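Quick one: the structure is below, and I'll ask about it shortly.
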Amino acid sequence: MKFAQQLVLGAALAAVPGLGLAQEAAAPDADSVAALNTEMVFIFNSLLLLIGGMLVFWMAAGFAMLEAGLVRSKNVAMQLTKNVALFSLASFFYYLIGYGLMYPGDGWMVPGWLGAIGTAVLEAVGITGAEADDVTYASTGSDFFFQLMFCATTASIVSGTVAERVKLGSFLVFIIVLTALIYPIQASWTWGGGWLDEVGFSDFAGSTLVHSAGGWAALTGALIIGPRIGRYRDGRVVPMPGSNLALATLGMFILWLGWFGFNGASQLAMGTIGDVADISRIMANTNAAAAGGAIAALILTTVLFRKPDLTMILNGALAGLVSITAEPLTPSLGLATIIGGIGGIIVVFAVPMLDRLRIDDVVGAIPVHLLCGIWGTLAVVLSNGDTTIGAQLTGIIATGIFVTITSAVVWLILRAVMGLRPDQEAEINGLDMAELGMEAYPDFSKG
Amino acid sequence: MKFAQQLVLGAALAAVPGLGLAQEAAAPDADSVAALNTEMVFIFNSLLLLIGGMLVFWMAAGFAMLEAGLVRSKNVAMQLTKNVALFSLASFFYYLIGYGLMYPGDGWMVPGWLGAIGTAVLEAVGITGAEADDVTYASTGSDFFFQLMFCATTASIVSGTVAERVKLGSFLVFIIVLTALIYPIQASWTWGGGWLDEVGFSDFAGSTLVHSAGGWAALTGALIIGPRIGRYRDGRVVPMPGSNLALATLGMFILWLGWFGFNGASQLAMGTIGDVADISRIMANTNAAAAGGAIAALILTTVLFRKPDLTMILNGALAGLVSITAEPLTPSLGLATIIGGIGGIIVVFAVPMLDRLRIDDVVGAIPVHLLCGIWGTLAVVLSNGDTTIGAQLTGIIATGIFVTITSAVVWLILRAVMGLRPDQEAEINGLDMAELGMEAYPDFSKG
Amino acid sequence: MKFAQQLVLGAALAAVPGLGLAQEAAAPDADSVAALNTEMVFIFNSLLLLIGGMLVFWMAAGFAMLEAGLVRSKNVAMQLTKNVALFSLASFFYYLIGYGLMYPGDGWMVPGWLGAIGTAVLEAVGITGAEADDVTYASTGSDFFFQLMFCATTASIVSGTVAERVKLGSFLVFIIVLTALIYPIQASWTWGGGWLDEVGFSDFAGSTLVHSAGGWAALTGALIIGPRIGRYRDGRVVPMPGSNLALATLGMFILWLGWFGFNGASQLAMGTIGDVADISRIMANTNAAAAGGAIAALILTTVLFRKPDLTMILNGALAGLVSITAEPLTPSLGLATIIGGIGGIIVVFAVPMLDRLRIDDVVGAIPVHLLCGIWGTLAVVLSNGDTTIGAQLTGIIATGIFVTITSAVVWLILRAVMGLRPDQEAEINGLDMAELGMEAYPDFSKG
């Protein structure tokens, strides 16, 4: 591969008008500097999306570890299988259908929805600036890579809530519909230049479009699938502690890291002083909000329960992250900490509240992603003067209604056609042996 | 460290001919724009190799977790030790000998092979563009850093196959020879501008040079070392399930992430619109192939065995990654998915086939890295018109013959001199207690 | 978010004087090229700090995994809680107080120490080059983000040493004082342009300022808190092996990866050929030193104890990393390997030595961070001709005295006011159940 190097400089120079080597010592016209600037901006923007995309990809591992750590050991292999499979299916169906649906104005959908299938055509190999249709943004490949990871994140949110009692096959069919249709359609309303964007709805990196969308799908699933066997008995909640808190903590740290890409790269541009300074603000604020959420959950659980609760602290950090996602740029560090801290508080109160409603959310994804997604979307008005509460509520409600109805339809069809739950014995013995015939930790006896 | 900052701009400007601060308002000649462009391209290329190198470093952790998860708990500490040690030894010996051998044309080898020892001299500290020998590619340090990680990857592949029954010392001596001599010599044939490169053999990021090379070394080891005690009994394969599938899944996700650097940074250049667009294509295709491999293994194991198999799905994703590595740039997203998917199918059929041949490959590295490395190298012709099947077969066979013979010689010498296997009792009780005197999970009783 | 793209090029061009689109084909003056260069350098520098900051953030996860793997299973949830909480508190208090204290010359402290609270004001949103106070370095947000992570690393070092027997609340109060006051004050002496910087003390990325500072705080804590119950009995050391060496190994790999950012981004500049070549040298040297430390520990434990020791090898790699941190730029690859190797040797001898002194350091943080921090700071003179042993000793001793005295005062006040240790029964049963009421691995019976 090293032998490509000799070609590089020549190509680089050729790509900048006015820089051909033939022109010895001639004065460049202004275009040569502008062209170089255009090229550098394009590279920086694409690089931002690629780095961001890799970081958001890494969040898929974070969700897998978080969820594998928070389910009981008899369901760990299944939870891992679901997470690997859902990411892979999201990759495939977002490419095949979703991306085209989400950006209808970009010519991916020719001539209609069905026409969108498989049309995700990236730039030609070795394109030059002169041949590119558009050099003002970033490479199509980097944009596709980045957007794909957001779609997969939405899917990851669902798997935690409905863990330990949903059939693998039915779950994966739901994920296909979610990533091919439901997510892209609602996301296109804002990020695809649709009606919500025109209404003034503001959701920088997706508190609503990704997190509450995933949360609504998860809530709908939890309601239709029902709670785990034995979870609610005689009006009491039976604790079902996660089997591996080290893994869950690792998952939280992975998600925290990945979120720097989730929010930071949503700036979508890094080629100017202003853009890189904005990205820096976003990353600092994202970190502050996560810290605020974790600290709030630490203090609150200590005060309320006399003992700090590690899983609440983990979810508190994630709550802070979701809360700052709708507007990570404009708050001050102090306000970002507070927005995240309120997210942490929401989680500590919402987790037991859901249990009182007998909504069984295994990992706490509904409080974290749905409730804090709503809170974060509303909190935009605290620091972004151009945004109104009305516009934000419009986006929150529209997304909620659309995702809830479409998800419910899919879950109900799946229940009728394939069934949603394994039989009772399989669930009690664990899905690992029943559905996969393997254990995650076969060498260790159960306590 | 912050105090370096005042020096930065001065140095930056001084490094660009025609930009000295003394020249107030003078018109720049074309050289000043070209020089700035050259500098930016050099920085982007070096940054690409550094980011890529870090990602491929991270794959060492991925292999460690994958293998630690797939061996039985009594051999986990040993497998971890081997992985840390092999990476460290690869770092040392590739620097001392390998890098010089691999790029003989770069003047590292003065005057001959032995002269190469220790000559990996990086740029002087604080070099300026004017002093640099060559500003058309990237910094020598970044190139060395990146290439080193590829060498270490080759070594990582071997450790999984021969796990649970090879002596630590003998294994590590093999790794030294592999990383100092075997890998660099065969890699130089293509990437060092050698005869395979001239024949037209094409292997973008190393399906053959890294993955099948590692796979041949692993296969040779498995044949000479023999299967684990009790693995094949009365004509049947005794299942020896991995002790921690959460760890194995984490390892797979780490490898998937690292592969974006493995393939993406093998473009070796990021300083033009064309290069960054190509890197974007590569990353999107790499992701598509991994997804294709995982989905293929998911579907195929469900159809064949009635139950999806998590370890097959993990290996399916890795198979997809290996398969796309020889040509991640030119396929469309759809073709990349198919190339990866075929890789996943190969793994599902090859794993039981190896067992029928009584070749004991603990983690499935031979199907993933060797067979899919061959498949991926052949698949180059599907999308890269300049490449012939003949050239590809030449490279595959030459690498196979060379690595197999040299590896066999080393393994056989080690068997004669040091012995390859611990005594029977040590193997049955586990290498952790026998060779290390420690357990990986001492607090947990075995089931 | 995609709709921001149309604005990008316009903003980019407008930010470069002399590049306005109105000026059709006019010859640019030299300023336009210089301005573009300034902008590119600013972006590269900020990007370096952001990437570096993310990598150092990731080290927080590394410490959490390393420590969770090296404590006994009954204290794992507590160790995880401490690590998440300490990072979150460091984020908050370094923002609130520490950053202003550390860079008093930057105007963060108006008018005095108390005035520093909450004044960490980042750039305005969407700033342009023309509005920025200073475009010669990097964005304030990226600098803050990067520096914050160093402060948090210092805190992470302490938690491992005093694990398994310190009260959560007291520990966290100590962390608040450490990150708000102790670390920033001593770090400002060198990195804030203080007296140690003027004396000629050289500590590139913090062998003394971060690692030995954290080490002194840890040592003081270990002495005041005392050893774990039952650790030293009848003049013998009772082994208390870590519960999960796979997790510990993962933590080591995470730290190794993160260190590329810790050292590499401490170059603080990436906008010239010289800077990116220097960063490349730094990363290659950092890797070489880690490898040297691991190999030294591997060989030495094999020779001394007849069996290699995985935890020593892990700490050997970390020792190599700490040792090269004071000067990762100027050594050759060979010297870097040797400096790291000596670090590995120090660890192998120091761990049992500390036990003979009845200083109970659960994870070996004192040998790794304190002793190798000192060694690395002294080793600067081997390759950096401008640095004297006298200046290095001045820095080492001043930091040691300051951190030891201030830490001791804080630990002693905490002992008097809140108590440092849980009651004996809680410690014996494990802090997880006693202080948190939860277990890290509830599904697995103890061996």
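The letters A, B and C name the chains in turn, as written, and every chain counts its residues from 1.
Basically, contacts are C-beta pairs under 8 Å (C-beta built on N, C-alpha and C of every residue); 3 or more make two chains touch, one makes a residue touch a chain.
Predicted, not measured: the structure shown is a model, and the values here were computed from it.
At the interface between chain B and chain C, two copies of one sequence, fewer than half of the residue numbers in use are shared by both copies. Fitting chain A to chain C on C-alpha positions gives a rotation angle of 120 degrees, to the nearest 5.
Chain centres here are Cα averages; for chain B and chain C they lie 29 Å apart. In chain A, the residues that touch at least two other chains are 27-28, 32-33, 36, 40, 51, 135, 244, 250, 441, 444-446. Chain A makes touch with chain C in their complex at residues 27-34, 36-38, 40-41, 44-45, 51, 55, 72-74, 103, 135-138, 143, 191-193, 197, 204-205, 241-246, 249-250, 252-254, 256-257, 260, 264, 266-281, 283-284, 287-288, 290-292, 294-295, 298, 305, 307-311, 313-314, 317, 329-330, 332-334, 337, 441, 444-447. On chain C, the positions that touch chain A within their shared complex are 1-6, 8-9, 11-13, 15-16, 18-19, 21, 23-28, 32-33, 36, 39-40, 42-43, 46-47, 49-51, 53-54, 57-58, 60-61, 64-65, 68-69, 76-77, 80-81, 83-85, 87-89, 91-92, 95, 118, 120-123, 125-129, 132, 135, 139-142, 144-145, 148, 168, 244, 247, 250, 435-446.
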